[in-house]
Amino acid sequence: MILLGLLIVPLIAGLAAFLLRRRPVMEVVNVTAFAVLFGLAVVLCAQILREGSVSLWKGFFYADALSALVVLLSAFVALACSIYAVGYFRQDERDGVFQEDEGVRAWFVVHKLREYYTLTPLFVFSMILVALANNLGILWVAIEGTTLASVFLVMFYGRATSLEAAWKYAIIGGVGLSMALFGTILTYYSAHQVLGTDTLAGLNWSVLVGNAAQFDKATMRLAFILILLGYGTKAGIAPMHTWKPDAYSEAPIPGAAMLATGVLNCALYGLVRFYILSSKCLGPQFGSRLLIIFGLMSMGVAVPFILVQKNFRRLLAYSSIDHSGIMVLALGFGGPLGLLGMLLHMTFHSITKPLLFFCAGNVQQHLKTDLFQQAKGGLIHSMPLSGAAFLMVTLALTGSPPFSLFQSEFTILRAGFSGGYFVLAIFLISFLVLIFSGFLVHIVSLVLGPDPGLPAADTCRWKKFSALGLATVVVVMGFWIPTPLFALIERATGIVMGG
Amino acid sequence: MPYLPNPELGNRIITLMAALVLVLQIAAVGQRWLISSIRIFAVQSFLLGAIAAVIAYFNQAEHIYIAALLTVFVKAGLLPRFLERLVKRIGIRREIEPLINVPLSILVAGCLTLVGYVVAESFYHPEETSARAALGHNTLAVAIALFLIGFFTMLNRRKAVTQVLGLLSLENGLFLAAISLTYGVPLVVEIGIFFDVLVAVMVLGLLVFRIREAFDSMDVSKLRSLHE
Amino acid sequence: MTEVLVNSVLQLVLLLLVAPLLTGAIKTLKARLQTRRGPGVFQSYRDIFKLLRKGMVVPETASWIFSAAPYLVFTTATLVGLMVPMTTTHAPLSLFGGVLAVVYLLALGRFFLALGGLDTGSSFGGLGSSREMTISAIAEPAMMLAIFTVALGANSTNLSEMAKVAVSQSWRFLAPSQMLAFAALFIVLIAETGRIPVDNPATHLELTMIHEAMVLEYSGPYLALIEWGASIKQLVLMTLLVNTFFPFGLSSDWTVHAVGVGLTFYLAKLLLLACLVVLVETTNAKLRLFRVPELLMVAFILGALALISTFLF
Amino acid sequence: MSSVPVGAIFALSLAAYAAGAIASLASRRKPALARYVCCSAALAGGILGGVAAVLAILQGTPLRWSVPSGIPLFAYSFSYDALAAFFSLALATLVTAASIYSFGYLKEFEGKRNLGLFGFLFHILLLSLAIVFTAANAFLFLIGWEVMALAAYGLVTFYHEEHETRRAGLLYIIMAHIDAGCLLLGFALLIQGSGSAEFASFHGAIAHLTSGRQAAAFVLFFLGFGIKAGVIPFHIWLPAAHPVAPSNISALLSGIVIKTGIYGMTRIFLDSLGGVPWWAGLIVLIVGVVSAVLGVLYALMEHDLKRLLAYHSIENIGIILMGLGAALIFRVAGHPLLAAVALIAAMFHTLNHAIFKCLLFLGAGSVLHSTGTRNMEEMGGLIRPMPVTAFCFLIGAVAISGLPPLNGFVSEWLTYQSLLAGFGATAGLTRILFPLAGSMLALTGALAAACFVKAFAIAFLALPRGDESHRVHEAPRSMLVGMGLLTAACVALGLGVTWFLPTFDAMTDQLLGQRVVGHLISENGFVLSAGVPHSGTVSPAVISAGLLALLLPAVLMVSIGTRRFGRKRGPVWDCGLPRLTGENEYTATAFSKALRMVFSVLYKPRREIQAVFDVSPYFPKEIRFESEIEPTFEKRLYAPLQEFIFRLSAKMRGIQAGSIHAYLAYIFVTLILLLLFGVRR
């Protein structure tokens, strides 16, 4: 029942926003809807912790600890972004960003805000669906759904560059997803020979996982490769990452934040589901090797672009490439530590990343540019809150203690060692150090320095609240993780470990 | 007792049609005129529908008929119509020279077919010489080839529309695989996929249109303002 | 306790008396070697007493550091003197400070003297201090290395212990290590006591003077203290040399006879060493300041060789 | 004494720091209040910490307690053993002095700077330091370690408006992060061996590591802690970062923060690993020698007072490492007694350096506070307007130059003794290294003396050089009190060393299983001996007594002399120039000229003289003289590295050239490759 609720709430919110066209109403609807959604997600988690798994419509929808975690994170991100979005778009309106392209002749875009407030819930809906769908085919459909919804977010501002970004995103995403679909079909095929032609359940994860051991090995290998490339594209793993910087720097901040966390989580979720199958069928080594290669490659690719970067919106994208690399690497390291580390990292990343986007958004709206050399530095004087938060969240995201990402990275490192990947661990650390250095140099040049004499910003209540709230969560998470949340993560780890 | 068609015959027909589909795909690689490459796609999709129908007929799998109908309706009817309208509206008729010139591209397509067979090789279990395994082995090779060639056209052609076409024909490869290996994925999924493809094409079409507006060209290799 | 006090007083007297005598002796010998009449052997006493009875001028620019320096120079030198065995193997205060203490106490005196030189604000003082500190700094490692060679032989840094060991094996100085060490220390001695070819105690030419430049502003009793301290320091260093390398006549007991013998031997050895110094002074020209490091580098190498040879032979 | 109070008091001091952090942040709107909150909280914390440390040392039994952390993965476990207690004591001493000093020092911040933020960072720094020294769990240690670095970064960049400061800060934090990375790897290695993050579980880990792993562990930890301690060649951040911080912070940075590196090495190499291979000890020794000599040589060329002090920190870290290296070697060679002596030398020098370096930085702080410049060439004659500061600085200078009878001398004496003993205790050619190291130590000492003659004389003596002289004033009382405490400590630790030494017994017992102080304090209690019978003895107390006694005749003679003619004040001999002015005084650059020439091989000095002539070529109107030395490591080692990385990155940017076809091609190629090589078995 609760599963249905989780799916319906965003749909209603979207519909409502589509029908009631007045801005305040849409804002209220949006925020409340996502607040409710988050509440439901929490309830779901509680239920999962009690009962282990929930399913609906004879297992068409199915939620275990892993999916509950993803739902929770998606809902959290959605809520944070919806609060921030209010302030963000009001600012945009004040700056007259939407004026120049009123005559958008797409048949259902009437008004920009309406477009946003209608699309976001759909976007979130499909994210939730990803987590709740038991059927791997539906999972694919849902992820495709997130792509379609987010394409519109990317082309939101209708600039030439946003169209370009949207095109690249759509095409690359499309290719990626068709690879994923191919992989899904092959999985079905390899299962098919075991399960026979049971039409619907044949793609149900809960059924597949049971007898993954007897699947046809060769098919499963091909399937996993395709899935890795496919969902890897969505997760932005090198060398399929190329769409990310463009998309992230063009989408409106809240949308970008959801792309960087929600979609990333969904893609990784899909990857993990198949990883479980493949490791049951082929043993963990096959998957691990590929995952480690791609994970390290992503981190390695992210490094130089972070070191020499002109645009702080693109900087964020590369950071998220780096983080997806870390998570994939952790998955590759495997073992209880690695998987725990991966899920912890997913959690902490989704909690921390939005704040980075918010700070960047504030700065961008304040300076009317996203280029470093056009920013004169010394933002701390004109926007003390955002500036300080920016520095803090930079440190947090680059994995320095006491912030929570350090815990997960430490765990992942331990996993690497206990997996015997000594040299790889050294690579991991040196990449992390380089990324830290690059990031900090950029952000410090932005935040610190003599007062350039800009007018004071940081006035909007909504933006302040979202940033402060999130910052508090980030700091607290460094020292205290709610026990049920950790329990959930541990149980999810158990699921990934097998069964 | 109902009439039981001979699956052997079915397999022959299917393999033949699959081969035809592949030929069409390679032909599309060499094609210059937008309209005609759209048409080629339409024919190809129709053939796929037919394959689905044949499979459905020879294995009494009713739900595949639906898939077949959907294919014919959506991929051979709706999408080509939509794309042709788009092309007419934009008023571009010829594809500019692809990145790799035509003869070479065709050569590459051939190699990709080879790759498809090489990969499919590893699925061939000679011990179980059931007709179906053989069929699977054959059609899977074709499917992979279709997929790769579609992919290749995407990164070879410069026009936005042809990239969309490439994406679609790549989807065709998937469909072939799905239909011939497993007699179609569950119906719900099938419908979901079709819906997604439809929407995807709509979205892409919209994008093509607006790109055309913004850049007054459909040459996506000109989209290079976002870079490091 | 009382014994320590008595010994210290006796040795103190000996120090205060012998030090000027040695300086005078060196001056006279040098003069004779250069076929001059030169001042009498007791000239240094006369100088010191004269200075003590003169009034003094303290620069307006100077602070209390300027006045503190002479006292520290004098006290450190004398205190060091009480740690070095002179006539007997038993130096009164050797228990309370070994060779390291000796070196560092002398450094303390130098530290304050250099400050005093700079305190006046005159460029001469600064120049003197700078050169003094430079030369002593690069003399230090050579000295330590040589001293270590001896100390390792005795495996003690306690001067009485070293002397005892030396006495117990009195022909040890023939060992190559000892010879090399002696050579090294001798060079250091030249540098530390500010003699040609490193420094010329007799000149007041600004280009060449080192020690003299540093004390240029001192006059009267302060100058007396400094001069006296300097000569005591020189005595101490020479004593160090003669008694650790050539421990002849050093007695370990306290009979009058033994002490007498010790004293005569001691003075004789000093005289010989003085002759050596004089010989070097007269046969060499003063080096340019920036050639001095090379000389001291030689000393350092000698020390290192001495060290290596200790465990080769 | 029961073990309860120590834990409780220690917890209280932590609480004081934490409270101070929050309280000063809360009171940021009222600067005066913030200042009092910040300083008094720090003072309280410092005193409490000191009490805890002293109690712990007195009762000598290691305490451990574990607090469940909010993160189920790890528990915050502390252990308050001899080593921890010793470093906590050092920390407490410095904090007490520095916080008293800050009462006056921070006054100038009021209204100008955000005192609340300063207080917050300051207390976070103290808190993390206290945790680093007592953490008994790798995870907690690392958190403390990194938080310490971040807080220090915040304080270093406190004047972030200056470009130099931002640069220095970044350099600092990046190097700090590199060392944290090394430590992460090192600890991961140990944890993988022992299966737990508790330090206790590492104990004697060296035994079950392969020689390769041993080497890896050593290198990682030595890098990690070495960077933090600022050993050459990882030192470049130190002379950049320490000077630009507020002076009370610089005092703590140089005084105690870099000592965390020493602490870490001692903790890991001696306690956790339980000894390292002999070559490792040798490396430590050699690096120590190099750092000591080069550190002081670079210090000599500085005329920025605080940079000069920063370079001396490098030098003293080197001296400490000499002792530590000797201890490590002796331990492997199987001479626990010698090892203990060497360890005591190192630890005692750590404490001493902490004290007098803190003192010197505070002194520099009050000079900066009243003259407003760090450049010695603009100072001079400060001893008259600020006599007390001058005196404290002088004591500090004497102490750091290792001159008797102050504490610096004692620890260097012990280092000498253990180095000498090394010659006898080890075999093979390497044994020569010990006396050679000893002679280098001598060189270092002498050069340090030269350098501080320069520092003190140019800054405090003779005539003022700059024009600030008129408004120069003595520092406020609280600052003087702060410095006075440390001055007293310098003297006390020097003269009273034999009463202080027993502190180390528990430590050497814990780390080397050897109680040694019995051997170190020879007859009648106030003579320090080198442990081995007949080896060598010294007694700072007697030395100072002797000096005082001998002062008597000297004073007598002088007074007799001066009674007749008295002492007149007169002008300095100035070769007939009108009168001596600040301009024609000897400068710091001139003072170090001689050494610059002597060591020109190292310095590669570059000088240029431009003369502007007026009428005749013989009488230049003005002459500009520039002289600088080459920053070898920055230029030869780090610049090329950075260059390389950035050029590589610039090349890599071609990947993201914007062509969608290229992007698709990446995926296509990857797919083909995986299909061809991934699928088949």
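First chain written, first letter: the chains are A, B, C and D, and each begins at residue 1.
Going forward, contacts are C-beta pairs under 8 Å (C-beta built on N, C-alpha and C of every residue); 3 or more make two chains touch, one makes a residue touch a chain.
Every value quoted in this text rests on a predicted model; they were computed, and no experiment measured them.
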Note: chains that touch chain B and chain D both are A
Two chains share more C-beta contact pairs than any other pair here; which two are they?
C-D
Centre distance in Å when chain A and chain B are each reduced to the mean of their C-alpha atoms
31
If you average the CA atoms of chain B and of chain C, how far apart do the two points sit, in angstrom?
101
Rounded to the nearest Å, the gap between Cα centres of chain A and chain D is 45
Could you work out how far the Cα centre of chain A sits from that of chain C, in whole Å?
79
Multi-chain touching residues of chain D, meaning two or more other chains, are 653, 655-656, 660, 664, 671, 675, 679, 681
Shared-interface residues of chain A (touching two or more other chains) are 167-168, 171, 175, 218, 222, 245, 305, 308
Which residues of chain B are in contact with two or more other chains?
119, 122, 151, 154, 220, 223, 225-226, 228
What are all the chain pairs that meet the touch criterion?
A-B, A-D, B-D, C-D
Within their complex, chain A touches chain D through residues 167-168, 171-172, 175-176, 179, 217-218, 221-222, 225, 229, 233, 239-240, 242-243, 245, 290, 301, 303-305, 307-308, 378, 380, 395, 400-402, 406-407, 410-411, 413-414, 416-418, 422, 425-426, 429-430, 432-434, 436-437, 440-441, 444-445, 448-451, 479-481, 483, 486
Per the touch rule above, chain D residues touching chain A in the complex are 69-74, 139, 142-143, 145-147, 150, 157, 160-161, 163, 166, 169-170, 173-174, 177-178, 180-181, 184-185, 188-189, 191-192, 216, 645-646, 648-650, 652-653, 655-656, 660, 662-664, 666-667, 670-671, 674-675, 678-679, 681
Interface residues, chain C side, partner chain D - complex
12, 51-61, 63-65, 70-72, 74-76, 78-79, 82, 93, 95-98, 100-101, 103-105, 107-108, 110-111, 114-115, 118-127, 129-131, 133-134, 136-145, 148-149, 151-152, 155-158, 161, 216-217, 220-222, 224-225, 289-290, 293, 300, 303-304, 307-308, 311
Contacts from chain D onto chain C in the complex sit at residues 381, 383-384, 394, 398, 401-404, 409, 413, 416-417, 420, 423-424, 431-432, 435-436, 438-443, 445-447, 449-450, 452-454, 456-458, 460-463, 527, 530, 532, 534-539, 542-543, 546-547, 550-551, 554-555, 557-558, 560-562, 564-574, 580, 584-586, 590-595, 597-598
Per the contact definition, I'd like the list of chain D residues that touch chain B in the complex.
653, 655-661, 664-665, 668, 671-672, 675-676, 679-681
